[in-house]
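What follows is a pair of complexes built around subunit A, which joins subunit B in one and subunit C in the other.
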Partner chain A sequence: MEERKIVVPGEIIVEGESFLPGDFVRKEGNYILANKYGLAEIEGRLVKIIPLSGVYLPRKGNIIIGRVTSINYRGWLIDFDGHYNGFLSLNEVPKFINKGELRDYLDYGEVVYAKIIEVEGSSTELSLKFKGLGKLEGGQLISINSFKVPRLIGKEGSMISLIKELTKTKIIVGQNGVVWVKGEKIEDEIKAKKIIKFIEENSFVSGLTDNVKKFAEKLEEENE
Partner chain B sequence: MTSLLDKKRIFEYLEKEGKRLDGRKPLDVRKIEFEENISENAEGSVSVKIGETEVYAGVKLSINEPYPDSPDEGSMSVNVELSPMADEDFELGPPKIDAIEMARIVDRGIRESKFIDFKKLCIKEGEKSFTINIDIYAINNEGNLLDACSLAALSALCLAKMPKYNEKEEKIEKEITNKPLPLRRENMPIMVTFYKIGKKFIIDPKRDEEEIADYRLSIAISEEDEEIKINAIQKGREGSISFEEIEEILKKLEEIYRKQYLKIKEKILSYG
Partner chain C sequence: MNKESSYKKRSDGREFNEIRPIKAKVGIVPSADGSALFETGKTRAIAVVRGPRTLHPQHMQDPLKGILRVNYQMMAFSVWDRIKPGISRRSLEINKVIEWALSEIVDLTEFPGSVVDVLIQIPQADAGTRVAGLNAAVMALAQAGVPMKEMLSAVAAGKIDKTLVIDVNKEEEDYEEGEGSTDIPLCFGSFSKKIYLLQLDGKISIENFKEILKMGQKASEKIYKIQVEALKNPGKEVRG
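For the complex of A and B:
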């Protein structure tokens, strides 16, 4: 893999007929130009950008974590840190619920782990009718930049397993950048939160895994 | 928006361990930083940071007719602007109820302490006097904007210098003299806002703590002959408050003031 370089919108990333535009870049004549501020990456023929800022863009198939902000007679409005709220319809929960009893199933401020089944303009439809989805109970939430989620998970989930091991907590990462952490003690959750924030801030420094280990040791010392 | 899960955790941790999620004790204040004279055109300006919360304040003088009930006094007006840049929940447009309340709490704390000598702001009785305009802008909201606004207003007042007054044309020149504003510095009011979460009181809340608090109580105090005077009190939000709680808060306030706020006060007094 070539070294990544920071680009701003409109900047020429690479010249040549053979390159293909990926995420957040466009092709103009012979050039590949940036559409967003971020790190440009060239993998073989594919050119793409890993954005450094910006809000989460919902995509069909993404699994996200959100909070209930409003309830109407057809379902729940879910805030998932995007431009607009998502909608979880009554038909998309794995249980039959009488109208007027929606609050018993999911109340204001409660947290769900849900799948995006449809994105159209400003409306995002969510569903709980898949395995492993549902209401999250206990624990805390942390919001990070959604573009840093792959860093937090690591190769084949290596980074997230490392954090789980270091802090003895359960962690679920939503692709919208909302992370749920639950431990036996609140201290463990706070520690995991600090490590996750550390990864977000240092996501493009090389040797991230080692740095995370060092950071966790430092936290341990501070506690004692 | 704070989720129910986070709310529960803040309650639990405060109740069981007496600590907050960022590791602070209930009555600890985050680090406060000042940056002086950030604006070229203002008579006095400052940026105040409490942790990640940041506000800008500027002082500008104008000439107005005195109010009929105090013909020999100048006046003061405080304006707080909560722009969408500071917080996703703030909206564009004319000041909403939160911003107006904030401005009035800050205004009252300063006014009732007699910190400004309004008589010295009069130019000609019944006809002309100076008005002190304090403009406060929220730059980033990570909780406790109220106390930040109050500190910023005080610092900007202390830093401000009187502008040159053109007697012939009866207007203010662009130039600034090196005369400070007529302040009674010994009366400086310090405002501390208490928040009740569960059964505990905290000060300097983060954004999520602020959101889940039952009520808040802002108290502006000044010191006279080693004794603490209350200048202004304001309660906000829907929770109810008892006499015992007010007494408890006042006791804590004195302790916080002597332990944490004297240094900050000295720092602000060193301006100008």
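For the complex of A and C:
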């Protein structure tokens, strides 16, 4: 694989008939052009861009973490750091709820771990009717760029289990870039938060796992 | 250079097709989604981008795509005489022309019902503020991760008496001898080389106009290189 380089919109990434445009690039004549600011990656014939910034784009099937911002008689409006709020319908929770009792199940400001079941225009439909989903109680929320979520999770969840091990906390990562952290002590949560922010900033520096370990040791020393 | 022209040498010693020294920096406002500084000579522009985010009031929302909102303002102390802050006829015009240029390159179909806010502030003005603002806005939009077709590079061309010049400053803009001064802000696309902004208040012959487009195109390419370098080194000040 070639070394990744930063490209700007409209920049020619490669020239050649045989290349195929992937995410955030387009083909014009013989050129593959960037449509977004980010890191260009060429894998065989496929050319794509890993964005360095930008708002989360909801996709069907994504599991996200959001917060209740509004309640109406049909369900809850969930803010998940997208460009528009998502909607969790009364029919999409695993329990029967009487009208007027919505606040007893999920109140304003409470945090949910939900799945996107439909994206149409500006409306994003959410559901809790899958295994492992539901309300997240206590803990803290951390927002990172959604394009850096794969780095935070690591290969087969290696990075996230490393952080859990180092900080003795429970962590859930939403694909929208919102991370929920809960530890027995508040210090553990703060430590996890610092490590997550470190990964976000250094996500494209090689040897990330070793750097994270060193960073955690440094935090440990500072505490003592 | 036209021999009949009374404007034979530029007041700051530049060549007629030479731009002023440029400074560019990306990521000057960490809390924003995207931000940039663009400076040519004494003209300085700051642009901040926020969004895409839900647009309120709701009746302004477009169900098919997100919209772009530009707000250009000169700071009260940006000119020698105090300028009254707030909306003026001039700032409304500039908002519109910048918005039209930027709307052509951004693609907000993935963000229906949302808005991207572009805020442009001019802390110091020495002519050519709309093109400096546009250059900063494009850099800020790119850094914010807004999908875009290409970059834009704008330059303030002009005609001083009968001489064609690039990157006019305030002293030249106020030149009154002969035919006086004509301002021609130009903006070119980085890949397509299309013209996205062209304003012309005054008289110019067709031959001169063709010539000034060529000069503007060359200058915009120089500006583009600096914009790209600033974007590739976020947080670093790039000079050129």
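Keep this in mind: the second predicted complex is superposed on the first by the 224 of 224 C-alpha atoms of A that agree within 3 Å, B and C clash if a C-alpha of one lies under 4 Å from a C-alpha of the other, contacts with A are read in each partner's own complex, and residues count from 1 in each chain.
The rule is short, and it goes like this: contacts are C-beta pairs under 8 Å (C-beta built on N, C-alpha and C of every residue); 3 or more make two chains touch, one makes a residue touch a chain.
None of the values given here were measured: they were computed from a predicted structure.
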{"item": "First (subunit B), second (subunit C), both or neither touched by A:N35", "value": "second"}
{"item": "Contacts of A:G121 with subunit B and subunit C, given as first, second, both or neither", "value": "second"}
{"item": "Greater subunit A contact set [subunit C / subunit B]", "value": "C"}
{"item": "Partner chain(s) touched by A:V55 [first = subunit B, second = subunit C, both, neither]", "value": "second"}
{"item": "Touching partner for A:D188 - first (subunit B), second (subunit C), both, neither", "value": "neither"}
{"item": "Which superposed partner A:E110 touches (first subunit B, second subunit C, both, neither)", "value": "first"}
{"item": "Touched partner set for A:R67, first subunit B, second subunit C, both or neither", "value": "first"}
{"item": "Subunit B versus subunit C as contact partner of A:Q140, first or second or both or neither", "value": "first"}
{"item": "Touching partner for A:D23 - first (subunit B), second (subunit C), both, neither", "value": "neither"}
{"item": "Touch list for subunit C against partner subunit A, complex", "value": "33-34, 51-54, 61, 63-64, 66, 105, 107, 110-114, 142-151, 189-191, 227-228, 231-232"}
{"item": "Parts of subunit B lying in touch with subunit A, wherever the complex brings them together", "value": "1-9, 12-13, 17, 21, 23"}
{"item": "Residue numbers on subunit A that touch subunit B, as the complex places them", "value": "67, 69, 79, 107-111, 136-141, 180, 186, 189-190"}
{"item": "Residue numbers on subunit A that touch subunit C, as the complex places them", "value": "6, 8-12, 24, 28, 33, 35-38, 51-55, 57, 83-85, 121-122"}
